[in-house]
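What follows is a structure written as structure tokens; I'll ask about it next.
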């Protein structure tokens, strides 16, 4: 199944707040990625299918600077493999002591037409990345190279990110509040109902601005 | 006892740093709300008496989306009850995994003349709230609706917020450093001495800018 | 050994990301100060030798407001002792519940020609400090005076800061990603190799902007 | 509604593991009290209705040793009020830096026929309490008196304990794994189905001990 | 490569303390599994090759009690697949809010001749497991069934456990201090040198018991 | 000033719970060492003056196994310097990822007549240490050698241990609840009043065992 143009367009207009409400109504209470924030709030909205990359802790004898000479290194290969329009989501076990990427890798992803990046680890060159016209979410700036704490092990497998399950193909949506994962199956319906909900909330907000109470709303 | 106009005016001019010093001199060492920050540093200074709202963890069978149809729901009732000029202070047990409010509720509070909001939980629609001319402090943006983790249980009872005791009627003061709780009883005296302290510190700062040492100050 | 002008100049041009890579190549994996961030990203780059100040937890009978009348108080003495061009690095045990300094002390340090400040505790008057043309890194704004939680005990001894060992004379370098500690001994070599590495990365970035893959880089 | 003898008896025979499974089947995923453990694993099983006591952070001017001379002090009054057969459950905000009780108070509760105690704070005189024939769960031993960090504020109100909502009258069940809260309404049914589940699991365990696979069980 | 009988025997006689020293000498500083402890200190020593099982966070629509009817469910399949003599090592992201196994599954593993279990999550039926003659390490007792927070996703892939990288086939050694992971490649040499080190330390200990100083040892 | 025999004897009979109450009455609220527990609850009570040892984070180039060949290494020298009857208190920044000592060093301390050990780091060979007739408190068992995370830097300086200030010469008292630091100056008076308090509490406990209420006590 692929993300339809209509659903993509709808998801780009609704907030992550609205989407968590729609998911909650369907019994899904744990799909907001915890402890990540946008590096560049001015970037376009993030919408796209998840392409995942998984790290485990580094080991000194395996994770030395020579590894990147191998064109098959999973991190480098993942970066060259994410399809345009998809979102690279990285599982760093919530450990921001080291970076999971930097200016060059993020620029390459943007050049390749990737929709954006979400990581529960750190990112280096944060100021440089924040200046890109590219939506990026992370646990915070962190200069140390990934090899200091992270070993890229495989990609496009189900992962954890920010305490949330992410399956390849899930729809990733980000705004200034953060990132929500919308499972594939209900994505079309969730998008449609979210648009409807926001229409109603726009009306309520106008009433509230005009002085109406929020009791019973 | 109510907050006098003079004390309110004085508290609006002094920093939370100065107030913690005055409280420390009176043996009160734990009245700075930990882990909250202003959503909008450009908002006016926060000063007002505390009106409290308490949440406990949510339970799936009790906390469903239908609850808001009840006009007596404690969160909604609290929002319609905070007197103008007072500050809504929420106890979310420091849990920012879900929001304790969003754009509509915060706008309603602003419309009602409430002085501001402090929560040790999250807030959704953070960018929208940050654009209001209304001082708001929270643990960070968080999209999930409050029902995902929080159950509003009662209001205007003593609570914990950010590790600090807050009694209804305590005076809440916020600036860019954060929020301090000034107990009712010594509030007038604390305000007066704080103004005096700042007068002296302004003098010291000028001396320091002119090259004076800070030894023995 | 003192920091040479050339090394200082080189270190001011390279990123902390690059420096952590150079240190990693030399087997040094834990020299990025965790959980501190710049109060003023617009300030000049931070470079200078470390002058350290150590705090232990406060004790109510020892740490009262009268202590600052003593011109030999270690915090005040340290502030008047840091040589111009050096960086004051403070060990607050990562505890940001109280400030380790404020507007007046930081202004005095700037007036004295100190190169900047790094603390793993909090700082009060954060907005005021952020407006100074002076690089300052801390765990976050925190209004309570240092005596509430911190007792200055000695200075220019080896300390921990943000989980990292800092020896007096180590070179402290900060940019928007954060702060890295470069040990004295390899500092000249690290600086030289870092400049070289950035030259290469500038080339790679241009290639990447032109569409080149990052496989094997 | 009160806890029937039959349900009480059934709950005393089944494990908290089984009860969490029964609650999970009913959509209740968050009723196991986190971070508490039995002080005396040799004590009888804990079963009884919850009688709650709530603490907020202490304030130095309010929480001095003189407060206990007041016979209406909420902690002391709560201890004398819990009905025999019920369980005192205390909300200490998960803060074990101070005790929420000690040998004398716990002995008094035992003498009064209270069924047991659960607190997400600490307990002092832990060795003495562990020797009582009385089931007690806490976050760990902690010598400082409650006034150092906790202010008893009210009782028999809904509280949080170990991240879980506890309503007065909920059924509290504890074994060596820890404590689970069984809401009143489904308690009879949960107890009945738990007994049934354990009957089946006893059979499975015998099969497994005899060499059977657990695939599809 | 397989674990030789001689190395297995040697590793069963040396402490995890000694093994971390040998690994440290080889530049491997992060192979002690953090935050796990033995459920039964009286059990035999743990030695065996790692067979890994990975969990990600649960999702309510996927992780319902019906999943165990599927004989291909990864957790159940893993338990039936671990070869005798190997150790099941589980990656629960350090989250002990739910169990990663209980009495029946652990008994099945013991019956199958598995060497032991290590998990950085919780275990239910902890008292029952502690009575088995079977070495088991976990983050603590935790009653809730795994589906409440954990989704078994795949096995025999590299994982993280307690902050440490674990590759299938690494040698897992446990004693009362905890668990260390010895990578395959240097395992024979590490075992041999560890035996030698302990011979020397036994001598030193006798000297120390006889009154000798530890300066320069 | 030295610890009198009478005070030492008194302190060995009263509980840490009682001592925290006496300190609280004197305005000292933060002298209970957090997050340490006795390795051997069967050991004699711990009483003695503090002799401190401070660690900072390790650096790979400085902290290699060769350092212990230096008889002036601060850890080894401290162990040979603690006067008999005093307590070695170690500041490990609360980091238990590595040991701050093991069986040989602790045995040496016991042989030298040292009164006991308190560390907020880990200890290796925990089972061996627990079997000594020697009171030892730590954050938990931890196999990795100290050099993996800790660098011994100086001794007999004021330190932090478990969040508490410890000055050389302070009196350290431990029981099964944990460890409290009694400052030198009021130690005699605190000991005397603690004995008196326990006499009263023994009376109250007898009354309570006989059925008396705790209201107003």
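Letters A, B, C, D, E and F mark the chains in the order given here, with residues in each chain numbered from 1 onward.
Criterion: a residue touches a chain if its C-beta (ideal position, glycine included) is under 8 Å from a C-beta of that chain, and two chains touch if they have at least 3 such contacts.
Keep in mind it's a predicted model, so treat the numbers as computed, not measured.
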Contacts common to subunit E and subunit F (chain labels): D
Subunit D and subunit A - chains in contact with each: B, E
Cα superposition angle of subunit B on its copy subunit C, in degrees to the nearest 5: 120
Centroid distance [mean C-alpha coordinates] between subunit E and subunit B, Å: 47
Centroid spacing, where centroids are CA-atom means, of subunit B and subunit D in whole angstrom: 33
Separation of mean Cα positions, subunit F and subunit B [Å, integer]: 40
Shared interface positions of subunit A, touching two or more other chains: 27, 29-30, 60
Pairwise touch network: line, ring, star, complete, or other: other
Pairwise chain contacts, counting only pairs that touch as defined: A-B, A-C, A-E, B-C, B-D, C-F, D-E, D-F, E-F
Touching residues on subunit B, where the partner in the complex is subunit A: 65, 68-71, 76-77, 79-80, 97, 99, 102-105, 107-108, 111, 124-127, 140-145, 147-148
Residues of subunit B that touch subunit D when the two form their complex: 26-31, 56-62, 93, 151, 153-154, 157-160, 163-166, 183
Complex contacts: residues of subunit B adjacent to subunit C: 15-17, 19-21, 24-25, 29-30, 32, 34, 37, 41, 175-178, 180, 201, 204-205, 208-209, 211, 213-217
